[in-house]
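Okay, so chain A shows up in both of these, paired with chain B first and chain C after.
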Partner chain A sequence: MSKVGNRGVIGQPIKRKEDQRLITGKGIFVDDIVLPEMLHASFVRSPYGHAYVKRIDASRALGLPGVVDVVTGEEFAKFVRPQKAHSGLDSPTARALEDYGIAVKKAIYHGEAVAAVVALDKYTAKDAVELVEVDYDPLPPLVDAEESMSDGAVKIHDGTPTNVVWHKTYNYGDVDKAFSKADLIVKSRLYFDRFMAAPLETYVIIASFDRGQEVMTVYCNSAHPGRDVFLVAGALNLSPNRVRLICQDNGGSFGNKNNIYPYTALIGYLAMKTGRPVKWVMDRNEHLLASGHGNEMIYYGEIAVKKDGTILGIKARLIADEGSELRSEPRGAMVWIRQLTTFYRFRHLRMEVNAVLTNKCPTGSMRAYGKVQHCFLIESLIEKAARQLRLDPAEIRFKNFILPKEMPYKNPAGNIYDGGDYPGCLRRTLEMVGYEDWRKKQQKLRREGKCLGIGIAMAMESQGGNLAPLWKKGHKSSGSVGSAMIRIDADGNISASVDSMSMGHSHQTTTAQIVADVLSVSPDDVDVFAGFDSWITAFGERYSGSYASRFSTVHHGAIFGAAKRMREKILRHGAFLLGSAVNKVELVQDGKVRVKGTKKSAGLKEVASNAWLNTGVLPKDLEAGLVVHYVYKAPLKPLESAELGKGNFSLTYAYGGAAAVVEVDPGTGMVKLLKIVLVDDPGRCINPMVCEGQVHGQIGHQVGAALYERLLYDKTDGRLLTSTFKDYLLPTAADFPTLETAIMETPSLFSPLGARGMAEGGGVPQIAVINAVRDALSPLGIEIDSSHIEPEEILRRIQERTDR
Partner chain B sequence: MYSVPFDYLCAHNIQEALKLLSEYGEEGRVIAGGQSLIPLMKLRLARPKCLVDIKRVPGLSFINKENGHLKVGALTTHRELGVSDLIRSDLPIMHEAAQVIADPQVRNLGTLVGALCQAEPSGDWAPVVLALGGRLKCVGQKGERVLEAKEFFVDAYTTLLQPGEILTEVNLPIPGARAGGAYLKVQRRAGDFAVAGVAVQLTLDEAGLCKDIGIGLSGAGLTPLRAVAVEELLRGRRISAEILEEASRCLAGSVDPISDLRGSSKYKTDVLKVTLKRAVQLAASRSKRS
Partner chain C sequence: MPNSKRIEMKINGESYAAEVEPRLLLVDFLRVNARLTGTHVGCDTSNCGACTVMLDGLTVKSCTVFAVQADGREIFTVEGLSKDGKLHPIQESFRDHHALQCGYCTPGMMLSSLFLLSNKPNPTEEEVRKGISGNICLCTGYQHIVNAVLDVAKRGQRQQKKRPRSGKN
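Coming up: the complex of A and B.
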């Protein structure tokens, strides 16, 4: 890694630039924006999981004073083109899908929009929704993916041959041979439960169409605005440069806000039709029903091991429940390819992938998207094998780890791990939790009839990804691009922007730290644009956005690259001003240019002023002004073939270890989390305080997934039963012990600053908590095969064992 | 989530409140803290035509000690009860319950009386008031009446309170010597609705036998319940593992929890059984210390 700057501000826990503004209520979120003549939209939604829409009668709604229009799915379908975010997926069903973001003839999940009401205010719009009369012809819902993939199942999308959108088997090494050498083969049917990210702020969109210029301006809280520009333009038949997307403050995404785009097109159409700006604020109930859910998966997994715990191979049949439409999918079902064998040395693996449609909310991006599921598969099989071999779960992992000296390590798919110390991470985790002490305590408590469990887990993530074959068929490289702009005005004020938005990520702070480091100024001297504006800020085409933990790879690359170019520019202008050669000057404190070895210097303001205002005197080959726009592309080799599953799919492979201690109440089945520790390796920390905050969020979300949060559908009518916060249980701070986290820094060998994307962490706390529950119940011979566990289920299992 | 349109009227004295309520009959609802009613309205599950706000009615917020009783007013919040020294010393079971109700924001606004009128079957206050044998003062335009807590909860989210009536005061007897109380709540997350809640207030005699006992249950059926049969079983008996086992079997026969996402009826019954044993034991051990 190159040595940068002399300020040393990278790695400092400086306070967040964002805090003052956001904590004192001065943030500007989309709902804070009010445009002249603005109308308000609200959606009529299907109460059924699967039903034909026979008739929509809007006359009563239109009669309510203040109602401007009611637009049905059928009308939308006449003017809005269906969206295909899943381009590149080639199957007869995938090709036939037409996703309008609203039901046209058939509603295919509970809560799907069937019509939109536009009114003068939001209250009237909501009242009018109740007055829209919709006749439905209900069909049996398919909420079970295995049922949905069976031959006789009703087709969720009329005219498609099957509900299976994708089927393919991936083979690495020689799995059958590996299994033939096994001392023990352990099998599990594992279920990864459906849950979601529930940010404070739901989806909010304002669309405003300038009929003169034919420009659609959208204020929204998308997490992937670059892509949305193209999707919305395509849907509304506009050229992408005439769609301006502006995203400023964002009340949290965790992947969820990548799934907003179908609605953006619908609200855009309403603005075009009414000729007035239209605002839509999704309510919480709608958000739980119809934003984007996390990936639900069923695995039939098998692991082959030797007696000493050596893992020989894994095979699994994966059934990915995609919900009713393919939005970001099938990426969630596929990202396991990046981290095939995770931390372990085994080389033989077979995965049979089945991506299946069901009558549920479409799935899409969510923290540890697709990766936590794969880690759950591997870690669960290892855990079960260890129990059967009577090995300590830590011991079996140590036995199989790839070692630091083997880095960079090429896994069987061709992914190249960018460094890391996996055994070191687990050792640190065990030390932090006090593993040996807890094991002793556990023995004692077990004799007293108490169910204490200690769970450990490791999980891997990948950032700066290349899933080219899923973006565009035939391409071997795409995705790993970031863009940044830096401008210094004539007064020496530094402004920077990057094509991502902070949704609690602290991008303003960390961007300023990197720029400050390179330009030898203070982070306080760097103003960073809060958000993204496809017309104004750095634009990185369809990649722009904050998703897949890409900031620490591609955006760092962009900011760092832009700052280095700006540094060159300052030096050249400085040298000219000082009458010196460029190689004779240096950048010193406060961005001052100094002739090396002398006291002769020019301040940044002086240099900038000369560069902008005294342009007439500048030599021909010296560009006036101080502006840099830099597009970074990750140094990823194109894939070895245009086929998914062969090659290196990510620039960095972040990882973490977690340990959890739980006590299960054998009388009630309740699980109490006594302790949780997490060690994360972000490679290089730009700001430790920011890293720690992100790890806290990760713990909250993933412990929630293990013990509290689940999206449960009724099998008979297809209704989402957990559609309010009364039943979708979000844990709060009061449910957690003190979070104990540590950052270990093993620099990435490939990323621009040695950093890896963090904050997702592969969902490691969830797996650690489940492993802890497994450990607590293991003396009773109870196996837990799901990623979420309800107290009732635990009690039932305990009773089954003790009643015998 | 927005409610249907409604009128909002603010009363400045109790007569005015009663008059406004009588004008709207069944379509009118009293609002004090609003911590149950407002969420239900936002979900459009409650659709009152009119809310009569009594927060500005003077003299409704108090915790008074009179003749061996504590009296709590209609506007007294969960938090005020939770931090009250009188409650802590004289009705420790209420102090205990106040700590597990919802979250601090709700405790700052919600009221004991509002919770009782809501008659949430998985709430915390009703079982405690039932175990204590509380009495409820209801005021209407025709006068006032005093109801026993045990007869107050008649059906799902339904009480004996008539349209146009306001529950103004809860009257709770202060337990005497050798008394002990406990409220144990099994919940999915901090401050959640109870999967099962058991409130026990008992008095042991000098020989250590159970002289008197009140047991209130949450999550046991359509309404908050008083476990009369279990009380009868335990009265006059020594609290032992055997009798608690018998009591839990007796309890199982007298409850009918609603199956919902917090558990099936069977699960909740199992949890009530084990929680009953724990709560009685805890109350008995506290009584020995008092």
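Coming up: the complex of A and C.
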């Protein structure tokens, strides 16, 4: 067994525990699981963006050999309770929403399920889907949020007064006074394009109902299984402890698999009804149509600045296009409001938020959820102000940064930044990209008629969120708990679990590192459960899951806390075995307990065996066995005012800087990414190799968002035009230059191990790439207002300029 | 089964035979009939490469090949890479360079990389990027994968130099 070396394994780039099975094809993803007598489900989906379902005739489908059942939305609605996730929102429309995950009377987005087929095999199920005849009565689709919020608009959910599901204005400081002192006010209508996290593994669910014990077992690839246990139990009228939810290997989520739960309830019902296990594998077309999209936003923003670049305040009106149902939303908007000032010291702002329903796929969690949208707004306004003031985009940022000596810093919304070196991060970014040299090169190339652009951006991302007070009246704080378990068996084998499963995050490895560090053993000696099982592993109620970059805050806290308690237990049992006092013993190499200053010691196996098996001799106050279950709560204070949106909503505020260099071909509109640099500050790396990989992933996803990935709906018929990977383009290896990244480690002042969440990064590469395209096109007088740009659009804009 | 056809193929050197519908996709034959679940499905339209396997030594996307087209031919999948518990150099390199995160694209990515290296034993970074551009990875931004492939090539070159030349070569 290779020893990496006991204490001090935190911070080491050790190889991953996950890899052996994954590189040999022995991982177990949900679709790899086969249960006896298992049936296969497939959904009939609406070809319309907005249409009444008049009649469903399943007779031909039911006549196909191998078809077991066809279940319509109406039948589901009789037996499955809808999600009413938004009863706490002060909005009549939000309160009226009943989300069944399937169309009952009306299909409200292209691809919404209208019926399910269950058959003996996958091919037959797909055949039968084609045989289900559905009569629709189409309505005009609303794909534009501004149109949808107008008074005369058709209501997407019948009987609701408006398509606006949430409206609120937050005021911090005195924004009008701040604007009255401005030398320049820059206004912009900006647009954040709709894209999504498109993990290679789609949604997969197997549900199996034990009629004897009345237990529903669900194998699925959810990213938020704790919540899903409660949602599925509620939908199927089971008590949550009778829903056993199991997740193992997961082919990526990036937020997307937080949105699986409506389907879990539907597949659960099919298993209950048929009395057999039912598997459903979403295909890619369905995944693009009907999983969960990223937030799309329209902003009317204004920034007030002094001539020297000092930012005085920001005003913005935001229209968040939530799609047809509220699933994670409007949490994204709630999060972003808190951090609008990000790195900068201005104190005056006014934010008006409108969350609006449209006939599009419901939006939900996605990497940099809510943050990339707000960072895009502020970084875009700063960029435009700099251009108008003829200031360098780096200079205006340096002028306004909060400094390290001011940490912890309380922003106008009451968020308390947990440390960091913002100017240092940008300086490092500029050095790495070779900013000055590129600026010189740019001048020369511009004289040659070439469109070279250099873009920089900074973005912030909060972790360990505390939104409950905004969400549920009477809750002072929540959301910031993590749960971990450690068990040492009688042979001294250590197993651990944490209620955050890896979906590429490497949690098996990093959890083992933390436990090993505290228990003075090798990470090789710590087995970590590969996923989540609500009956077996650590389970922190509805918060269990891998979302919002929580691992580095609450899960570190849970693992670290559990390991420290286990250490205490080992020491107490060791001291008893050695006939010594607890304060006279210490834990040394390989988890051995030694009487301080002597050679007298007992090995971990010996201690564990005594703790479990020789229980008759243990003193009364010494608990038998070596088991710890620890729940960590983030040290967040109750909010100052939930109504005003004031208070600290997160434990840590991670951040990063990025720089991109692009060349735009004015003849074709093609953007070539020549260089991309990213500096990320995760506070403290548990495993630098893993951290580097996560930072690379940020670049991959967000360069895709800027230049390739777009979910485009047809305005007339409401159909999604980019519904396969032939139209929804993902970047390939050939689309990237060598990625250049660096990790800064400015420890968090508040998190248990000094770490901040990483891998989301607030979407900084996307903003840097867009800023680079803006910079490239600025000599032509072209402004880019959207977060995504395609060659034909660039070409059209260039054409417009030359035609003028 | 209507129009079913008996097919037989070698997968990683072992014979597999079954009665299949002509429309059965090769990837389903591998995953369902042969229970070799290391090959994955990502897109159904041959864009993502998660289902990449080798058919008579050439990489194919097994989601767009029918099982009957592989009748009498040889398939190689991720399960065939390691021999007697010893990892193949491409597997070692993927692990050493942290070239996988969720691991879903990894089997296809390794096979495409091997195919690239069989044609270009000493590729440049750009050639590696082009060579694996039929395989999508959403976790890694590709950098560690590119590094892993380049390193296998480098290790291979060193091996070549060490090995005494036989008369035929």
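Quick note on the criterion: the second predicted complex is superposed on the first by the 788 of 804 C-alpha atoms of A that agree within 3 Å, B and C clash if a C-alpha of one lies under 4 Å from a C-alpha of the other, contacts with A are read in each partner's own complex, and residues count from 1 in each chain.
Heads up, the rule we're going with is that contacts are C-beta pairs under 8 Å (C-beta built on N, C-alpha and C of every residue); 3 or more make two chains touch, one makes a residue touch a chain.
Source: prediction; values computed, not measured.
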| item | value |
| --- | --- |
| Partner chain in contact with A:24 - chain B first, chain C second, else both or neither | second |
| Which of chain B and chain C A:721 touches, first, second, both or neither | first |
| Touching partner for A:792 - first (chain B), second (chain C), both, neither | first |
| Chain B versus chain C as contact partner of A:738, first or second or both or neither | second |
| First, second, both or neither for A:667, with chain B first and chain C second | first |
| First, second, both or neither for A:712, with chain B first and chain C second | first |
| First, second, both or neither for A:126, with chain B first and chain C second | first |
| Touched partner set for A:284, first chain B, second chain C, both or neither | both |
| Chain C versus chain B, contacts on chain A by residue | C |
| Doubly contacted residues of chain A, that is, touched by chain B and again by chain C | 122-123, 283-285, 724, 726, 730, 732, 734 |
| Complex interface listing, chain A residues touching chain B | 122-123, 126-127, 130, 283-285, 667-670, 708, 712, 721-722, 724, 726-727, 729-732, 734-735, 791-792, 795-796, 799 |
| Chain C-touching residues of chain A, taken from the complex the two chains share | 15-16, 18-29, 31-32, 122-123, 197-202, 249-252, 254, 283-285, 502-506, 689-690, 692-694, 696-701, 703, 724-726, 730, 732-734, 736, 738-739 |
| Partner chain A, residues of chain C touching it in the complex | 21, 23-24, 28, 31, 36-45, 47-48, 50, 77-79, 81-82, 87, 91, 94-96, 98, 100-107, 110, 125-126, 128-130, 132-146 |
| Residue ranges of chain B touching chain A (in the complex, touch as defined) | 1-2, 4-5, 39, 43-44, 103, 186, 188-193, 195, 260-261, 263-264, 267, 270-271, 274-275, 278 |
